[in-house]
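Following are the structures in question.
Shared between the two complexes below is subunit A, which has subunit B as its partner in the first and subunit C in the second.
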Partner chain A sequence: MAAQTQFSGGLENAPVDAAHAFRAAMTVMARPGDIRVLSGSEPPAPLSVAAGTLLLTLCDPETRVHLAGGIDTAAIRNWLTFHTGAPLVSAAKADFAVGTWDALGPLNAYRIGTPEYPDRSATLIVECDRLEQSGAILSGPGIKKTARLSLPGIPALQGNAMLYPLGCDFFFTCGNRVAALPRSTQITSEA
Partner chain B sequence: MTDQTEFAIGARRDWMGLLARAPDDTLMTLWDGIETRPSFDWLRRPEIGSVMVRGRTGGTGAPFNLGEMTVTRCSVVLQDGTVGHGYVQGRLKPKAEAAALIDAMMQTGAADEVQARLLDPLQQHMQAVKSTRAAKAAATKVEFFTLVRGED
Partner chain C sequence: MSAYNFAYLDEQTKRMIRRAILKGLAIPGYQVPFASREMPMPYGWGTGGVQVSAATLTPEDTLKVIDQGADDTTNAVSIRKFFEKTAGVETTEETEKATVIQTRHRIPEAKLREDQIIVYQVPIPEPLRFLEPRETETRKMHSLEEYGLMHVKLYEDISQHGAISTAYAYPVKVCGRYVMDPSPIPKFDNPKLEMDAIQLFGAGREQRIYAVPPHTRVVSLDFEDYPFEATKADHPCDLCGAEDSYLDEVIMDDAGNRMFVCSDTDYCRSRREAGHMGRLAEENAA
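This part shows the complex of A and B:
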């Protein structure tokens, strides 16, 4: 492989790799608390492998993406544009937003959908320093009894769950691992 | 500096357009004649899709959708980091690969050789085909004119 260039690190076999990644994304969203491995792309730093692969899988010229904080570098902008053609927009217009929990900021900046179209909401991809099955207690659709997931900002996420059927959905990425939290999941902080 | 960049973009637009429209067999024959090919890595493997071709009446009217056409695209990077993009009509993946490599080579020291041995002959061939077709069409042109207006 030549020197890392601005566009390198896309999916090697896009149809197959994207299908595997989409399956992993569907599974974690359907079973909150599950952690799956998500790999295939090599995005420019500081974007994690899982977040980069998710973006390549889910984004196309019709999904608006918001890059928050330290993720918003020229290298990542060029890389994402080359591979997906997704337009880059502000938080208020985004279909997908990527960044650390702190960089993403207060959740009321993002679209939560409308009563007629609850799907017109943002999906946030949160880059985490750690991702493990401990901490907040989750219950709801897709969870047999309870599940646990290390969530950042539990009060804000509880507030988001109260908006159901509106609200945002979340992917949490750390390295090449991914977990998800749909708006339908009830969150209890650890007693 | 601005002029240079604009000149470079204009020149690149010319050869990209030429490669996009080039007939399959002519381009591949000329490409086979280039011995020194750089080694490269894929940025995007050849993929087939369709694009909407838009036109303007008389070149100045409001844009309208003319129709869809099949295109194949790919992107390569040479060992020195030069990036080449290939967008060609049709479904021939080797042609897209050739177009991307030619685009990359046109940005390197090999530009003059590629221009002289591939792009110039290609342009002449396409121009010749176009002229022949235009000449055939012109031969069938019917001129209407009035000998007697019959005003009386």
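This part shows the complex of A and C:
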């Protein structure tokens, strides 16, 4: 019984659940500032439903995952390994990193891609206490005029955008909701 | 349908394609390498587009497939049947009703909406390939934003023909950074590349995926004194009378008679249903 509860909470109908989850992830990445519901998995605390589902949708033995700070528990390690088989690595090697903003930082620890292969960069999944369409003003690809999103650490994210076309890409998760910030988005802090 | 995993591909393949799509959206116009799979159709028949569609579809989607604007040509019919069988999704010929549109070489005439996704089938994703055959070199050219060669090509068009003669696969610059091949759409469609829908591009044989998010700046390359022109045959459609749509020329007989018809069959049909008539409409109906 213990084993069953330890490893339960995966996607119930993987092909369909993952298709829905990816559609939400793709929509928010294509439209920075949009917030979508992302659910399907029940990961061990303190990992959010959205972050857990995102990991199950995108990670497998080919992706290296970094668990930062309070997310790096034995229960989450076991759960993630059981469901995805993703190798757990340090920040510098990660394709995906999960944690709170404070635990993930500083950003210069992560891969930003190379000039010839800017896609070989890390995607950071940032667990947030709140996720709202307020605060920082976003503009750029995917945004009609401007959008707003409650971003943590605006100066660091502005620095990341300046590396374009290199840089990291971000998902922000809160409960069962997700938003995203690709490197192409220009950020102005609230006036 | 039960004999297949949802949308044909296995889950690990879909994850790999999905990761490439996300990076593509984050770097608009940049070609992300991906491990293209063999599909049950030959290369050149849309294997890239099919893989991108398979990774994007959900069971609730309504799929439309067009080939040169037409819903009823071999390629479009067989891809639509493929997804009816392997994903069990609804299909339609109406642009309005579709949530995912896979296309070969056209953008529908109807304006696409926020909630739609268009997937392009791409034969040669590298716009610089015919100017520089080495992948190592073109990759370096993109990384250095060295696009002078492309402008030389357009300049040579002008010096030889008096105008830019490139009529399809007309190169564009996305978001002020990457020069991108919009797939072999006629240059008439280039202005539509700035749209509300998400645009995904899949090249199966060449193993590349790229993307253009909604509302992204897409500029067709040109010169101040030879500005870009979205051209079409100077005719109205002979069936529906539309003057704003891209036309196909059809040879009617050995005497050289010909007609012009909308390349977008759904657009033409919906206009005829609304009572619009072109030069040959009645004859054709009889």
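Before moving on, here are some points about what is shown:
Following the convention adopted for this analysis, the second predicted complex is superposed on the first by the 187 of 191 C-alpha atoms of A that agree within 3 Å, B and C clash if a C-alpha of one lies under 4 Å from a C-alpha of the other, contacts with A are read in each partner's own complex, and residues count from 1 in each chain.
In the analysis below, a contact is a pair of C-beta atoms (placed from the backbone, for glycine too) under 8 Å apart; a residue touches a chain by one contact, two chains touch by 3 or more.
Source: prediction; values computed, not measured.
Between subunit B and subunit C, it is C that contacts the larger number of residues in subunit A. Shared-chain residue A:Phe7: touches subunit B; no touch with subunit C.
With both structures placed on the common chain, the touch criterion links A:Glu190 to neither subunit B nor subunit C. In the superposed model, A:Gly142 lies in contact with subunit C only, and not with subunit B. In the superposition on chain A, A:Val16 makes contact with subunit C only, not with subunit B.
Touching of subunit A by both subunit B and subunit C, each in its own complex, is seen for residues 14. Residue ranges on subunit C touching subunit A, taken from their complex, read 5-7, 11-12, 14-16, 18-28, 30, 32-33, 55-59, 139-140, 142-144, 175, 177-178, 198, 211-217. For subunit B in complex with subunit A, the touching residues are 41, 43-45, 47, 75, 77-81, 83. Looking at the complex, you find that subunit A touches subunit B at residues 1-3, 5-8, 10, 13-14, 82-83. Within the complex formed with subunit C, the subunit A residues making contact are 14-16, 18-20, 22-23, 25-27, 29-31, 57-60, 62-63, 114-119, 121, 123, 140-144, 164-165, 169, 182-184.
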